[in-house]
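Going by the order they are written in, the chains are A, B, C and D; count residues from 1 in each one.
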Amino acid sequence: MNFELTDERQMLADGLRRLLADKTDLKAVVEGKHPWSAESWAALAEMGVIGALFSEEQGGFGGAGFDLMVVFEEMGRAGAPEPLLEIVLAGGLIAELGSEAQTAHLEEVIGGGTQLAFAHGEPGSRYDLERVAAKARQDGDGWVLTGRKSVVANGGEADYLVVSARTSGEVDDREGISLFLVPNDVPGLDIRAYPLAGGGRGAELTFEDTPLPGEALLGAVGGAFAPIETAVARATCALTAEALGLMERSKDLTIDYLSQRKQFGQPIGKFQALQHRMSELLIEVEQARSAVINLAGHLDAPRDEREIHVSATKQLVGQTAKLVVEESIQMHGGIGMTMEYDLGHFARRLTMTEHRLGDTLYHLGRFARLRAA
Amino acid sequence: MNFELTDERQMLADGLRRLLADKTDLKAVVEGKHPWSAESWAALAEMGVIGALFSEEQGGFGGAGFDLMVVFEEMGRAGAPEPLLEIVLAGGLIAELGSEAQTAHLEEVIGGGTQLAFAHGEPGSRYDLERVAAKARQDGDGWVLTGRKSVVANGGEADYLVVSARTSGEVDDREGISLFLVPNDVPGLDIRAYPLAGGGRGAELTFEDTPLPGEALLGAVGGAFAPIETAVARATCALTAEALGLMERSKDLTIDYLSQRKQFGQPIGKFQALQHRMSELLIEVEQARSAVINLAGHLDAPRDEREIHVSATKQLVGQTAKLVVEESIQMHGGIGMTMEYDLGHFARRLTMTEHRLGDTLYHLGRFARLRAA
Amino acid sequence: MDLSYTDRQQAFRDELRAFLDEKLPKHLSDKVKLGQRLSKEDHEAWHATLQERNWLAGHWPEEHGGAGWNAVERHIFEEETTRAHAPRIVPFGIAMLGPVLMKFGSDAQKAHWLPRILDGTDWWCQGYSEPGAGSDLASLKTTAERDGDHYVVNGQKTWTTLAQFADHIFCLVRTRKEGKPQEGISFLLIDMDDPGIEVRPIVLIDGEAEVNEVFFNDVRVPAKNLVGEEHKGWTIAKYLLTHERTNIAGVGFASQALANLKRIAGAEMQHGRPLIEDPLFAAEVAKLEIALMAMATTNLRVVSAAADGSAPGVESSMLKVKGTVIRQEINNLTRLACGPYAVPFVSEALEPGSNIEPVGPAYAMPATAEYFNNRKLSIYGGSNEVQKSIIAKTMLEA
Amino acid sequence: MDLSYTDRQQAFRDELRAFLDEKLPKHLSDKVKLGQRLSKEDHEAWHATLQERNWLAGHWPEEHGGAGWNAVERHIFEEETTRAHAPRIVPFGIAMLGPVLMKFGSDAQKAHWLPRILDGTDWWCQGYSEPGAGSDLASLKTTAERDGDHYVVNGQKTWTTLAQFADHIFCLVRTRKEGKPQEGISFLLIDMDDPGIEVRPIVLIDGEAEVNEVFFNDVRVPAKNLVGEEHKGWTIAKYLLTHERTNIAGVGFASQALANLKRIAGAEMQHGRPLIEDPLFAAEVAKLEIALMAMATTNLRVVSAAADGSAPGVESSMLKVKGTVIRQEINNLTRLACGPYAVPFVSEALEPGSNIEPVGPAYAMPATAEYFNNRKLSIYGGSNEVQKSIIAKTMLEA
């Protein structure tokens, strides 16, 4: 039993923290000057941060749960909006399922030259991974894709999209879902991009009779559910680690504020009611950290055990995120509601993590069903 | 719109408060010297408190929701364990459904000379009113009753029992439930009585081939569900009003303690964290009061509307009761856990109100289903 | 005990409903319903419509141009207008300054300012908070020094809602530095067109800029604009905080928000069924509905006591705390109900006059912004922490 | 990062399991499982069994008769014994006084008292709290006046757990009235058989009398029973409060209680189906299980750091607060799961040796008593409020 980071991971964390502190311009993000920074992205790639998301055999130098945790906690702590989670999702699926030609893209991805997105969610799917209505039908050697993908993070910026579509079965069957690796300029693809509340951009994608070559298929026909679930488990680890970083930073900002801000003649941190609430917050953030550790340590566990931790961690982190956002703003008072002050961005980004990969109630119910199974 | 008590009810409340303050001997209850006091019971009857639970046409001089509220809030405030709720249930059913011979008992009931109990719940029914497994089969002009009734409050002390049994249908059918008015000494009735955690006594009743005359039937054959639900709605109003009184008293004891008890050189009521928690408690108790008012004001509403309020009020009062019990004990510290101090009895009795007529989660789910219907 | 309205109150409610049916334009109620922001013209038009019927300041006494409503009537008005998605009456002139002038103003001040509030000549905003003096109003620093028949005002106010629309501001200013901090404060009326005033918007976490900073740099204010006695402004501030907070529980808003939440949860699908059928989601909605049912009655209890002449005491603090928490929780659940479509953040789509197509369902568009915007509910108007301290003080010193 | 035990730790765990299989009598584990009270003999027998294997005070250094366990080994012991429903080791001698004597005691004191703790000669109890001095230990009033080679002790202690079984008590007493209240306290060992000592049971809300008041009336205590320096007892008290609290998170107890809750909810029927299938009930159980999964890891993080030599700081306060709340919530849900059968209250049925038949299912019998009994968890050992203040102080002054 050991809860220390390895030296390599500690170095990565330290370096990343310095890099992001240097490169992250929250004002620019908040004022909509850019959804994220190309300069940061290049620096992340150069430092090897993208590579840290892949295993050595995939061409990276990391890829374990604790690598994800270290990287994303720092991203969260900085409030950095760069679309790294899309690499975990789409890049992870390419690495896992791709043909030689497809995995060849990963070198560019790790080098920072290729942007990815995972086009899976649909207007009616909410957080269910198996609910896919988009259809791909075979057409000679190739495929024809039709359907709509909603709130695709980085969907407008990605050079390549990993797109799910149903090749057989009913809308909620686990069997019959296939994946395709698609460049962003295929015919019949309409993209409406827009800003997201926590930074970055999303897009609605509409495929209308989009012709795809046979080589676009990623993995086995109809067998994509299990790999998608695995990739989402990894992404949940990353996203909850990011939320953890966001919480740590929000907490630190609040502690600073409580120490500095005076009211009725003393720092408001001297008021016992606020002290106790702050202590409760601290306790819950430590709980959230433990939950992320649990998930990071179980990404390679058998499916049911892994998914128990996916839902447990997403539930607990989501619940804690709400507490941290609301208490941080409340303890700051009005200043906590302004976008001029950094907390605004952290609060927004943190809150939005609940709307990705399933929210607190969704995972609470899922955890109970998994436990009963 | 008017939230003032009528003069009559205000007089009843004031008189009852004085009477109970005088007659209630909590030490005796806590030490198990008696489950409740025969002397108090006689005094309650003499003051007309039992009669206040019945309408004039039933031989009483009250019977409205706000009469129940006034009486039971005072009972709660005193922590009085006398089995008045059984009168609302069993007495209410006799008044509603009884033949002339059966309703004739009510005079004695109102006069304090006859004790009642409502034998309805069973080991497998939990809080479902329609789940009745006890069976009554017709036998000539009479009936034969077999089955088990569990945690029957006052079951060992009652002179007469109102017993439910199934005369047709499946175990959870609403149709096919019948009621019988039965003296406590019928053949084949086994009674195991025991103390209850909040004061008073309960009993397990086992009927084995108990013969009953035809006149024992109370109301129409198989049609008892609706009257039972109505009686339980009234009892829920009474029980939540009692809980309100228990909460008010627990709150008052806690406020006194916070003002008197010193720690670190000042009254602990000066500590802001406790102040704020106490304020939250006060707010919730006012919410509970409003909920009881809502139910009292809707006892005569159409069934669905009435039952919405039954579940809403029981849910909210149950939730508040837990808060009040736990916070009162916590703010008292160790002394709050001793039975020497009155709070112990209030906390126990208040907590036990959750285990009667459906708990918080039960009614939360029921409310949601009623709303969806 | 009687939970229903009297015949007279019911008649008033019916009259109101008919009025709203006829006079509330659909384009306006649609905006309110969808959470779109209102323009200055929208507000002014609605105020004028109400004033035609003498209902803009219904709770004002008739001698000052009101309808003399008691607390129950005022409650009915608020309930019905909210239910109809009418714009909220901008409170600064009608609900705040008006009653202050009636109680503390000179006859000349009443005669001059009150009619201008009613006919819309003046748009008021409120200059209370300062950087560093939020809940602790007594520590405010903006100064007003007497110079002949003028005060010279210097300092800064903040969180000034809708200052961008306003042409006048009522301010708490410090007129004396010695003595207890509460005893050197005065209440001053200031023309926003005066030289030396600058308004800067504050962008909030919901992307909106409805609040502002207001800077005063040697602003000369005629001494006749002092309301009440010099140095006695604290009394007025307290009066406003405890007596004139309208609709503090926000029951009407909460009811609307809850109905909206239920509509959304009926439209959103989860596992192929309406989200509202999910037992856990339904239970969360149920908890809030049950709390709101109780709070509506708590509110009526307070309103009813006020109509009978009781001064609101600690009850208004309780309503503030519980009312804001319930509304915030409804906002939270509404955001969650919208699922992934709560994340797109097209702030311009909420601006008056926008015809940007929503990204997902129209109801999802304002959900996140409203959640964040309404965090303010527990902060302003005396933060919930301040309210809890007031309650505790009353309780423990009783 | 590695969440699993090392091979050596796993071997220790297996050894423990085999030992428990063989040596823990079923009549004893059944009592623990059913929440029945243990007799003095039950405790003594189990202590003796452990001591045979040298595991009664496994965390003591080998020189004093322990096994020299580090924090992880101690954690494994606690986890496994709890899982097996072994009686909890009575902490007063083993976990509290022992380490105090090792750190602060004279050589003579160590040589005399430590072996007697291990072999069961002495049963200790703790004299800290007083009426009026709960969390505020420094305000204690029991006095010890020096008289030749004795101290004369007068005063009252309260909340003394299992004093009815004890023959010795270690006490904080006031030896000097001047100066700061913390600086006049001493740590004294007292024989309960001494004249002038009286023990009175306190009946608690769960119907049990496991705590007591202890009265001292001119009790003469030999001066050699002073531990550490005179007037420096505060240092010892603080040492005990922060360093020697065993199993503070109570993860093992919570896990057992959760498993018990799930069994009950699987057996209880609602609407004709097991209660655990009710989505709302299952969600409440799930919330607690998720919280416990996280806390188990928080606990391991602290244990692991302690094994590496870190001094426990604010973490033990965090574990205390969260651990007690989780256990209390499990107790609450267990009580609710039992439904109406949580109401019968046959206190005698929980006494050692009782063979009263339970009223309902046997699992329902102790549910209400345990719920009430465990309200103490957040009160004693430094109340949760005190812990939160400690956390805040560390956090805000860092």
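Note that in this section contacts are C-beta pairs under 8 Å (C-beta built on N, C-alpha and C of every residue); 3 or more make two chains touch, one makes a residue touch a chain.
For clarity, every value in this text was computed on a predicted model and none was experimentally measured.
The chain pair with more C-beta contacts between its two chains, of A-C and C-D, is A-C. Seen from the Cα centre of subunit A, the chain whose own Cα centre is farthest off is B. Here the CA centre of subunit C is 53 Å from the CA centre of subunit D. One simple way to say how far apart two chains are is to compare their mean CA positions; for subunit A and subunit C this gives 38 Å. Our note on geometry: subunit B versus subunit C, Cα centroid distance of 43 Å, whole angstroms.
Multi-chain contact residues of subunit C (touching two or more other chains): 279-280, 283, 385, 388. Residues of subunit B in contact with at least two other chains: 271-273, 275-276, 364-365. Residues of subunit C that touch subunit B in their complex: 1-6, 9, 72, 276-277, 279, 282-283, 285-287, 289-291, 293-298, 300-301, 304-305, 315, 318, 321-322, 385, 387-389, 391-393, 395-396, 398. Residues 279-280, 283 of subunit D are the ones that touch subunit C when the two sit in their complex.
Of all the residues in subunit D, the ones that touch subunit B in their complex are 129, 132, 134-136, 139, 158-159, 202-205, 207, 268-272, 275, 278-281, 284, 328, 332, 335-336, 338-346, 359-360, 368, 371-372, 375-376, 378-380, 383-385, 388. Across the interface of their complex, subunit C is touched by residues 121, 123-124, 126-128, 131, 150-151, 171-172, 192, 194-198, 202, 204, 261-264, 271, 273-274, 322, 326, 329-330, 333-334, 336-340, 344, 347-348, 351-352, 354-356, 359-362, 364-365 of subunit A. By the touch criterion given at the top, residues 271-273, 275-276 of subunit B touch subunit A in their complex.
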